[in-house]
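Read from first to last, the chains carry the letters A, B, C and D; within each, the first residue is number 1.
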Amino acid sequence: MPVTDEAEAHEPDLTWLEEDRLHEECGVFGIFNHPDAAALTALGLHALQHRGQEAAGIVSFDGEHFHTERRLGLVGDHFTSRPVIDRLGGDMAVGHVRYSTCGDAVMRNVQPLFVDLESGGFSLCHNGNLTNALTLRESLIKKGAICQSTTDTEVILHLVARSEKRLFVEKYIEALLQVEAAMPWWAPTRNSSARDPYGIRPLVLGRLGEAWVLASETCALDIIGAEFVREVENGEVVVATRDGLESHRFVPKYPARLCIFEYIYFARPDSIIGGRSVYDVRKEMGRQLAREAPANGDMVVPIPDSGVPAAIGYAQESGLPFEFGIIRNHYVGRTFIEPEQRIRQLGVKLKHSANELQVKGKSIVLIDDSVVRGTTSVKIVQMMREAGAKEVHMRISSPPITHPDFYGIDTPDQDKLLAAHRTLEEMRAFIGADSLAFISVDGIYKAMGYESRDDDHPQFTDHCFTGEYPTRLRDREGPPQQKQLSFLAEVG
Amino acid sequence: MPVTDEAEAHEPDLTWLEEDRLHEECGVFGIFNHPDAAALTALGLHALQHRGQEAAGIVSFDGEHFHTERRLGLVGDHFTSRPVIDRLGGDMAVGHVRYSTCGDAVMRNVQPLFVDLESGGFSLCHNGNLTNALTLRESLIKKGAICQSTTDTEVILHLVARSEKRLFVEKYIEALLQVEAAMPWWAPTRNSSARDPYGIRPLVLGRLGEAWVLASETCALDIIGAEFVREVENGEVVVATRDGLESHRFVPKYPARLCIFEYIYFARPDSIIGGRSVYDVRKEMGRQLAREAPANGDMVVPIPDSGVPAAIGYAQESGLPFEFGIIRNHYVGRTFIEPEQRIRQLGVKLKHSANELQVKGKSIVLIDDSVVRGTTSVKIVQMMREAGAKEVHMRISSPPITHPDFYGIDTPDQDKLLAAHRTLEEMRAFIGADSLAFISVDGIYKAMGYESRDDDHPQFTDHCFTGEYPTRLRDREGPPQQKQLSFLAEVG
Amino acid sequence: MPVTDEAEAHEPDLTWLEEDRLHEECGVFGIFNHPDAAALTALGLHALQHRGQEAAGIVSFDGEHFHTERRLGLVGDHFTSRPVIDRLGGDMAVGHVRYSTCGDAVMRNVQPLFVDLESGGFSLCHNGNLTNALTLRESLIKKGAICQSTTDTEVILHLVARSEKRLFVEKYIEALLQVEAAMPWWAPTRNSSARDPYGIRPLVLGRLGEAWVLASETCALDIIGAEFVREVENGEVVVATRDGLESHRFVPKYPARLCIFEYIYFARPDSIIGGRSVYDVRKEMGRQLAREAPANGDMVVPIPDSGVPAAIGYAQESGLPFEFGIIRNHYVGRTFIEPEQRIRQLGVKLKHSANELQVKGKSIVLIDDSVVRGTTSVKIVQMMREAGAKEVHMRISSPPITHPDFYGIDTPDQDKLLAAHRTLEEMRAFIGADSLAFISVDGIYKAMGYESRDDDHPQFTDHCFTGEYPTRLRDREGPPQQKQLSFLAEVG
Amino acid sequence: MPVTDEAEAHEPDLTWLEEDRLHEECGVFGIFNHPDAAALTALGLHALQHRGQEAAGIVSFDGEHFHTERRLGLVGDHFTSRPVIDRLGGDMAVGHVRYSTCGDAVMRNVQPLFVDLESGGFSLCHNGNLTNALTLRESLIKKGAICQSTTDTEVILHLVARSEKRLFVEKYIEALLQVEAAMPWWAPTRNSSARDPYGIRPLVLGRLGEAWVLASETCALDIIGAEFVREVENGEVVVATRDGLESHRFVPKYPARLCIFEYIYFARPDSIIGGRSVYDVRKEMGRQLAREAPANGDMVVPIPDSGVPAAIGYAQESGLPFEFGIIRNHYVGRTFIEPEQRIRQLGVKLKHSANELQVKGKSIVLIDDSVVRGTTSVKIVQMMREAGAKEVHMRISSPPITHPDFYGIDTPDQDKLLAAHRTLEEMRAFIGADSLAFISVDGIYKAMGYESRDDDHPQFTDHCFTGEYPTRLRDREGPPQQKQLSFLAEVG
């Protein structure tokens, strides 16, 4: 058993095991032409809170001045007070929630960023990572650019600022084209928005009366009662104006490749992406998993909350009863005091507890949506056994994660991934379950309505399972990266 | 439709409808004789966080000095940092989480309270309300007592301080006996703890190595790995000493009458009270509800999170599929900026959203655990219809709430209770559902394993459904209460 | 040389020598019947800021509620903002600035204190120390009183609260009479004010239109343009009402004995006490000092700021030129971060520096108003020599301080007083001056206009020079005080 | 009387008259090669606090990383705590105190600024204003530079960053040369420092053991015991290295022209500039004033603190007694809550009060060092009369200020300057004095040891009196400046 009771006995404080989770990237929301722009942006960000809990920011524009409010913490903690909303005047606003995929959790990195251009102010926020950000940053600094943050986003700002094109949309596209092999999208208050050439991150367009709305997911349209219009296309720039919507393409049109983790884990279950209900897809993954890897058990138990829809599907397909054998404490995950140690290490025991009388003496089929390092699985299997479970069969509704992500998902180094270098039996032994199974790669494509993965033109971005990255990884090339991002030590 | 779209159209800000919920009271945790007393207390309070989210406090005692840290906000926001825990030295500690049932959400009311007695320091926290607190407070002030807070708890402090008994436990019991018709329990760092004569609020005793632990619920024992010993009896004072546990009775022994809302709503589903799993009881209530009030529908949909176990029971009994047709946003409820307006008014739309593709065109059976004012139900039924539900059948796993509580549950005035003066049909019309049914009073007793309610000696405190209060309501007697609690205006 | 260069060389940080100063006690201001009560109180406190810089507080009363704002720091830092003043509604207010003579510099000790009495609210602040406060506190706690602070002031609150007299002024006087051997005075918002039986601390009465004003010094009347009416008499209670001013005596009338340090050091030079200009008295002390102890020097140099008026007098009497040979940095003394270490240890070098080109090669006559431990004098003489002074003659415009104070002045223990156990020559050697002289005790009485001290009925409280305390020192009697004021450790 | 009692009667709050003062610019301190670099920098800045009280910052460099701490408020409020100093690791540090001559009092404008260059980090602070900053800023933004602050200092950063020179000192000089008609100087942690071509602002070089120290004034060397080496020359760049000190010139050598206000008002009296004691120069100006404009009076009264040295000189020359007829309250000027309204409007009454018994019935000669708008003079003359002064003769130890400054002194627009468009008699009538006189321009040159002003090659920068600006005022040329510095509204 890799984690012993003794170890815990000596550490009755708050630092157990790291949480074994791919971390959400970011969420973006923008609205143009509405008198309550900032208040609606706060609501939209609240609906997108699951995409990032470390910081939130809103920038608004009143036709003359930009107003900015950025905070560490949750949207609901800071953007619900009248004075804050009142300071954010104007009828267009853009907001951002973030999990620190890049750059430390300090104020100078909180988005949206703002910059004075010659032709006026410009505010930008961005979801995802650039794979050539370091390369571009070095090149910019060589040319005398002064970088104030360590985010990828600032790199785009500089590219826009330095463009010698005349129109803003041209500057914008020129910047997009330099962001080599990029998958970001963003939403400046300059009422423009773009989605990367592959459409890796989602972006939807909505309408609320006369106003245009842009958001990461449809749930952010729902909360304010906005109507879904369409998704922004991969490689498209949309510009909202008082006369309507302009659309520009900056790369030729080819099929999008959405990050499959949006379906598996990131998006909210009530969001609709690519015409599919995220909840339905997850349930269908559970059904497919039940077909591929049935288990002999007394009940199906989800690891809440993310394993719930797949567990319902598994239960429905297998005919086993669905029970909450594990209870989740929802008051977790907001301790910013010591980010490195706390946010990531406040772990399983604080978050999950066994529903002991349910579990005792039973053979249970545990459903989770993914396994990263396996550390949470170890703890949960152990917790089930301590609660008296007779057998524990683990079923995972995504394939083994064998490769890290470089497009905005916070993944550990490859050698920390449970599935990177282990056989299924080694993984089972590590986790301590009586049996272990993953859905197949083709299985998830089936759950999405395809026959199988199209290996020539894959329908989704799925390198975490397949190792096939859609873009060149410029910053990872050449000698190993020892680059110092900034000479400034962060001191809070 | 009582709530119109127009109303919302004019209020796109953050103040919709009040949340329709009985609010949690408080949670208490104490530990004696453990070197990590404060850290373990923080964990215990974290497990009890569902019992109160407005404030938390810990007092510890190091044999010479008491140390106190009290904060507005969640346990995890303040009591996870090393410096805070380190300041709370000593091997005994007591902590409290609170929802402001009494006294405003200001620092001077945050528990535990501390006082210098002649014989040493004394710290006390308390769960529940006194029904003669105002009467006692007036009498104490007449005798020259100086009250610093507006909490009931301080009244008990004064009674202990003024007792002329010699031993602390005698003083303590003398105070308990004056707290007429009381149902509180508390846990001073003076390693004593008591439960009210009726046992209305739960209190359990645990053991962790050489340490004694006292907590509101067993889930707080589980988080630190403490062993459950027994419940503290109603009318019992327990005193933990280095030599063992003393037990004193301050009223004769008779059967306890736990507040039935602990099973219905307050306690965490993985807690065990009176030998019953709370989760099982809730599921059983769902089953009983299905037997009493079947519904023709395509699926069973819980109002998350509190309606989930009953919905699982209802689905299992009825054979209908269980589906998450409503998604809950867990990032809610932490805005302390303007408590009156925000905490209570940030409502349904921020918390729940429809899982549209699931619900569309379906006849759904909505399960909730209780209806208070009915305002949430109105909104949720409306939300289901807007999402395209064909029919909405509402089923409630507790009987109609017709009477307010005065023992620590934050209930609205009686005339605001939906069920106080309405027929079932009037309630259905108000809510806008196609059908509506509640479980019967005897039904919940059946779900608990009884034949029916014993009207002569009711097994639980259930006045909210029956109007039968277990104690005299002294502060409510005589002329209507216009009393000014304090001449000091609260200004943050 | 007691302080070596080596010592400093190893401590280039911010902790030099303790400041050698008797610390100011407190200042009080109250106003009754003015629509801008709180704003005027803020101004009055600002004028009294020299009497206490650690904390300030204002309580106002609007006829229905009391409002309270208390802060660590300066008046000008907190009580100049509109929102703070606006929250302090009502036409009567009372305020307090304090140096922590008693009780730690923590919020719970900041005055004014407030309490709910049976008959309404009551707010009190107080200047000076009780000599039987500990004795009274013990007795009160024995009777069940709950003390929230460790200040003397709270003791008075309890005495008022417990009085069984009918009228407030009677309760108040009853409390005053128990404060044995007292020298406090205070100013509750209950529009009453009292001065101790000896009149040790000053208290003046003023008029601003229809409003009554009470303040520690006349400079607080001047700043708001109020007219000086008279001093409150020793042993008098004055009660301002809308019909006029009531006066009550609680002890028979006998001549007052103001603390002579008000003239020497505490009061602002532009205040008028007992009909005398404080500035004039100080200058006259300098003149008398010049007559008693002439010095051969090239110039008279004050230790700024407190030595300045005496130095002007000395220069005028001696005919020597007056020069600022020492420059004071006024941006000192506001560091609350680590009160024990910082406030008291940020010393001479941070505050004073030599005006080198003035001093070089000259024989200088240094004038200071007092010497406590002598540590500042050591440093300043050393600084003068390092700047090239040929000779340094030290002249002090008060007699040697041989006894500590117990009435509200923060004096060190007797054995730390330079003059307690040393001859004049030993003191000179310690300080390192070429000559040293103090004014005589009779000399200061001469400067006040008397022939000499009347040893039978001394005109002032002067025990620091004479050892003759005007009252019994109850808390100092019996076995040595090892009392623990509170079992609660202060943790910020 | 321009200011009536009625006006005040209606404004008993905290907003009287604006303070009539030229505001201090900035102070800089740097140290290289000392293990306690940050602590010593804090002390140096404390000694320079009179040059700017709004904000302070320190950047240190530990050989690998830069560390930065910047705060609104006084040095002593923030830079005395161990944790702050400890975070500023390394053996070189640079610090800055500022009065907001340029850019609002917001954090993003607090110096020193930091930037990542290609070759490493670079930190810069700067004293004075550029006269072509706006012009340069516009040009930089046109070239794609992203400006994060609105300070002049950032312009220099960009020029350095964009230089294509190889060596840092070359980049630095290239930037200096573009700063057309400049008078700044600065002190980067890159251990270099420069003084403008005219030497308008002072800069001294000192030595503390092996360490090199650079500071605005000698008083900052004195506080840490550093030895004065020499002044940095105008047009010189000095670079401290471990091997010694390099000196570079970026303009040919010609005589310096120090800003004469350093002697009149800005520098601390114990500083030595150009070999002269500032205190002596001020006293000599008072003597010269007495010779030029004698007055019949009973006493000489300074307006404290700045008028004191001149008043001592005037008294010595005239033979009249020197008395403090006006008392200054030193607890003023620290209210950052509403900078526009508060810092500048908390005025005369809060700062000065009459020493009434001194002044009554006397004919007084008031000495001040300068008159800007005249508003303070009006109030003080009025205060003297209200205190009973028989006659008030005003004497000013600097010539009439007729022209604004553009080099870092915060002067009002020209039409608000009392002396810009008024005759002496009109000024006297405005102020309400019985007589008024200023020292002559030649008079101040005499006080400095010259025969008279050399109009061909003036020895000092004195355009405020003469209108002769030493440099071209590029930003003031062309059409009237309506430029919007930034599109970002400042919201705290």
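The rule we apply is simple: a contact is a pair of C-beta atoms (placed from the backbone, for glycine too) under 8 Å apart; a residue touches a chain by one contact, two chains touch by 3 or more.
Since the structure is predicted, the reported quantities are computational estimates derived from the model, not experimental observations.
Asks: By CA centroid distance, what chain is farthest from chain B?
Replies: Max centre-to-centre separation from chain B belongs to D.
Asks: Whole-Å distance, chain A centre to chain D centre, using C-alpha means?
Replies: 52
Asks: At what distance in angstrom does the C-alpha mean of chain D lie from that of chain C?
Replies: About 35 Å separates the centre of chain C from that of chain D.
Asks: What is the distance, in whole Å, between the centres of chain B and chain D, each centre taken as the mean of its C-alpha atoms?
Replies: The mean C-alpha positions of chain B and chain D differ by 62 Å.
Asks: Residues of chain B that touch two or more other chains: which are they?
Replies: none
Asks: What topology does the chain contact graph adopt: line, ring, star, complete, or other?
Replies: Topology of the interface graph: a ring, with each chain touching two neighbours.
Asks: Mind listing each pair of touching chains for me?
Replies: Result of the pairwise touch check is A-B, A-D, B-C, C-D.
Asks: Quick one: which bits of chain D touch chain C in the complex? Just the residue numbers, please.
Replies: Result: residues 8, 12-14, 36, 39-40, 42-43, 46-47, 49-50, 53, 74-77, 80-82, 85, 219, 222-225, 268-270, 272, 277, 279-280, 305, 308-309, 312, 316, 321-324, 327, 329-335, 337-338, 342, 346, 349-350, 353-358 of chain D touch chain C.
Asks: Can you list the residues on chain B that touch chain C in the complex?
Replies: 64-69, 87, 114-118, 120-121, 138, 141-148, 157-158, 161-163, 486-489, 491
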